[in-house]
Amino acid sequence: MNNSKLPELIVSEWINTPQPIRLSELRGKVVVIEAFQMLCPGCVAHGLPLASRIAEAFPSDAVQVIGLHSVFEHHDVQGPRAALEAFVHEYRLSFPIAMDAPAGDGGIPKTMRAYQLQGTPSLLIVDGQGQLRLNHFGRPDDLPIGAKIMELIVEARASKTESPPSEITNAAEGGVCLADGSGCS
Amino acid sequence: MNNSKLPELIVSEWINTPQPIRLSELRGKVVVIEAFQMLCPGCVAHGLPLASRIAEAFPSDAVQVIGLHSVFEHHDVQGPRAALEAFVHEYRLSFPIAMDAPAGDGGIPKTMRAYQLQGTPSLLIVDGQGQLRLNHFGRPDDLPIGAKIMELIVEARASKTESPPSEITNAAEGGVCLADGSGCS
Amino acid sequence: MNNSKLPELIVSEWINTPQPIRLSELRGKVVVIEAFQMLCPGCVAHGLPLASRIAEAFPSDAVQVIGLHSVFEHHDVQGPRAALEAFVHEYRLSFPIAMDAPAGDGGIPKTMRAYQLQGTPSLLIVDGQGQLRLNHFGRPDDLPIGAKIMELIVEARASKTESPPSEITNAAEGGVCLADGSGCS
Amino acid sequence: MNNSKLPELIVSEWINTPQPIRLSELRGKVVVIEAFQMLCPGCVAHGLPLASRIAEAFPSDAVQVIGLHSVFEHHDVQGPRAALEAFVHEYRLSFPIAMDAPAGDGGIPKTMRAYQLQGTPSLLIVDGQGQLRLNHFGRPDDLPIGAKIMELIVEARASKTESPPSEITNAAEGGVCLADGSGCS
């Protein structure tokens, strides 16, 4: 009924979790979604290390980090589950990772399209009520990210009924992969 | 009457501010105090850049960053105002900086002694009610620092009368200058 | 006949070169071989960027940089040419890259075994006469690598007939993938 | 008689050496001179660490590293020997350091003027015959610096009589202090 809630992830398979995760089951927690591709240099150098730092810095009962493998190029190489599993193993990623459901046409996968992501890496922060509060494409600074997450943690603690105004920021920098066909920079 | 409030800074001179700053006048704001020495390698490499990032990341009506030049070694070199002014100019520091009042005996300066700081760099975070909430000696990570500052901003917004429980964390790492006579590492 | 010469690379396919490269055809030039795996974190973070810096810093008529993709784990993911091509494209690698010929048993590939490499990343430096002069496993410093390459350039210029004494150094650090079955660290 | 030799350093005092060093006594060795100011951010972050890496990477009988404290601003603060000694102690500099002789007019010091340095940090490399072969203002890359030093080491070994052609490169980047009055960037 509330259209401002972020739609559910559309996932083909999950890694690092015994069962699928639904955003609706995470109400009351802050959810951090790191959209990445395993061969995206900016994801490997910046996006995923930040996601790991977030998972380590905040208590797991307050913040849920989720990786979202949104393959929009090199589908044959990055697409298979075995490829992602090898990557996850070598890079020691321990948070749950969703494989974004491929589109029928071999282009932008379904969650990425539904969320209108610009490319990878993208960091999404969802509040305790399931609303998207930040969508950062590129490389964000740790300080404001830590601040934003804590703001939403406190908000979630204080109340699980109010609807704070949505506040989404965007940014684009180097070392990223664009979904508009221009590739990685 | 409330002993848990951080005592006022004991300052000989100020730089980068038209008039002295009293902590008591900053109630309602989060105050970040970066204790440093101009010849402390860890302060130059980590502590002061973090203080500058904090000053830039948060609005000035919510967070006040203050540098505290607490000279406890090389007094003749680091002590003079002209020395600190040259340093502040070259390193482009723009937040107010207090010169910690020297002790009569040439040892630990007065604020540093009153605050029982372990050495430099030390990052202190004071809440909107003037209570010390974090005292980090060494090099903190940006993510939890951003979170802590935002937690206190939200707290200060919500109420200026409550007294939340004090929560002070300590840590010591390399690249720091210890006040116990063992010098810099 | 001269056993101290580094044996030829045993290669299944080449990327970034119109035709196969033979070490014997590079006599008179210094050859830098960077052995890597596309999913090896230390290779992505340190080994390959160093190889690219070497290719950029030295004239191509004096130094030939060659990447050697020596897959000894996750063969199904890292083994296919399409996987390596996607990686090479995303990471903007422009030097020739040899795909180390897989062993029949699915273990250590043939060149890696012949060269007795400890794992990835490994940096090999071959002098103008084809002799191995440095074999560094892990992350070397740029300064001594630059020095070693120039030493061999000057040597190659001075003479193409003498046989200087072999000098091979080894080192092992974190962020690497070991070929002894213990995986990546 | 040979005008292409770098003139002697004009020094008021030395630190970290029992007696003054004359370039003429270093013939046969490569001499690396790092011109710096203790309050120059680029010197502290890049120039001096590079000088220390060079001193560590090359044998002391082949390469002599010398720091040159060329104060051209904030003379009252950076000028006194005690100030430089405190800095050298805190930053753990172990190579000999020359205090560039101040000009009578309080401007560019004498060696800096004689060598026509653009500012700090500047890295000078002198060959075994005393000729200046590289003069880099700003932040050089380690790889070509390592290569240049080794080139000159080999040259010095091969002959102490020839006069190779002078080859001086210049570069300017951010984080430096310019001697033209525009200060540090």
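In this document, chain identifiers A, B, C and D correspond to the written order of the chains, with residue numbering beginning at 1 in each.
Everything that follows uses one rule, which is that contacts are C-beta pairs under 8 Å (C-beta built on N, C-alpha and C of every residue); 3 or more make two chains touch, one makes a residue touch a chain.
What you are looking at is a predicted structure, and each value in this text was computed from that prediction instead of being measured.
Engineer: Quick check on the interfaces: C-D is repeated by which of A-B, B-D or A-C, going by over half of contact pairs matching?
Structural biologist: Answer for C-D: the repeating interface is A-B.
Engineer: Quick check: how many Å separate the C-alpha centres of subunit B and subunit D?
Structural biologist: 36
Engineer: I'd like the Å distance between the centres of subunit B and subunit C, where a centre is the mean of that chain's Cα atoms.
Structural biologist: Between these chains, centre-to-centre, one finds 50 Å.
Engineer: Quick check: what residues of subunit D touch more than one other chain, meaning two or more?
Structural biologist: Within subunit D, no residue contacts more than one other chain.
Engineer: Can you tell me, using the touch rule above, whether these chains form a line, ring, star, complete graph or other shape?
Structural biologist: Chain contacts: single closed ring, each chain with exactly two partners.
Engineer: Mind listing the subunit A positions that touch subunit C in their complex?
Structural biologist: Counting only subunit A, the residues touching subunit C are 39-41, 44-45, 74, 76-78, 80, 82-83, 86-87, 89-91, 177, 184.
Engineer: Using the touch rule from the top, collect the residues of subunit D that touch subunit C in their complex.
Structural biologist: Contacts found on subunit D: 53-54, 57-58, 141-151, 153-155, 158.
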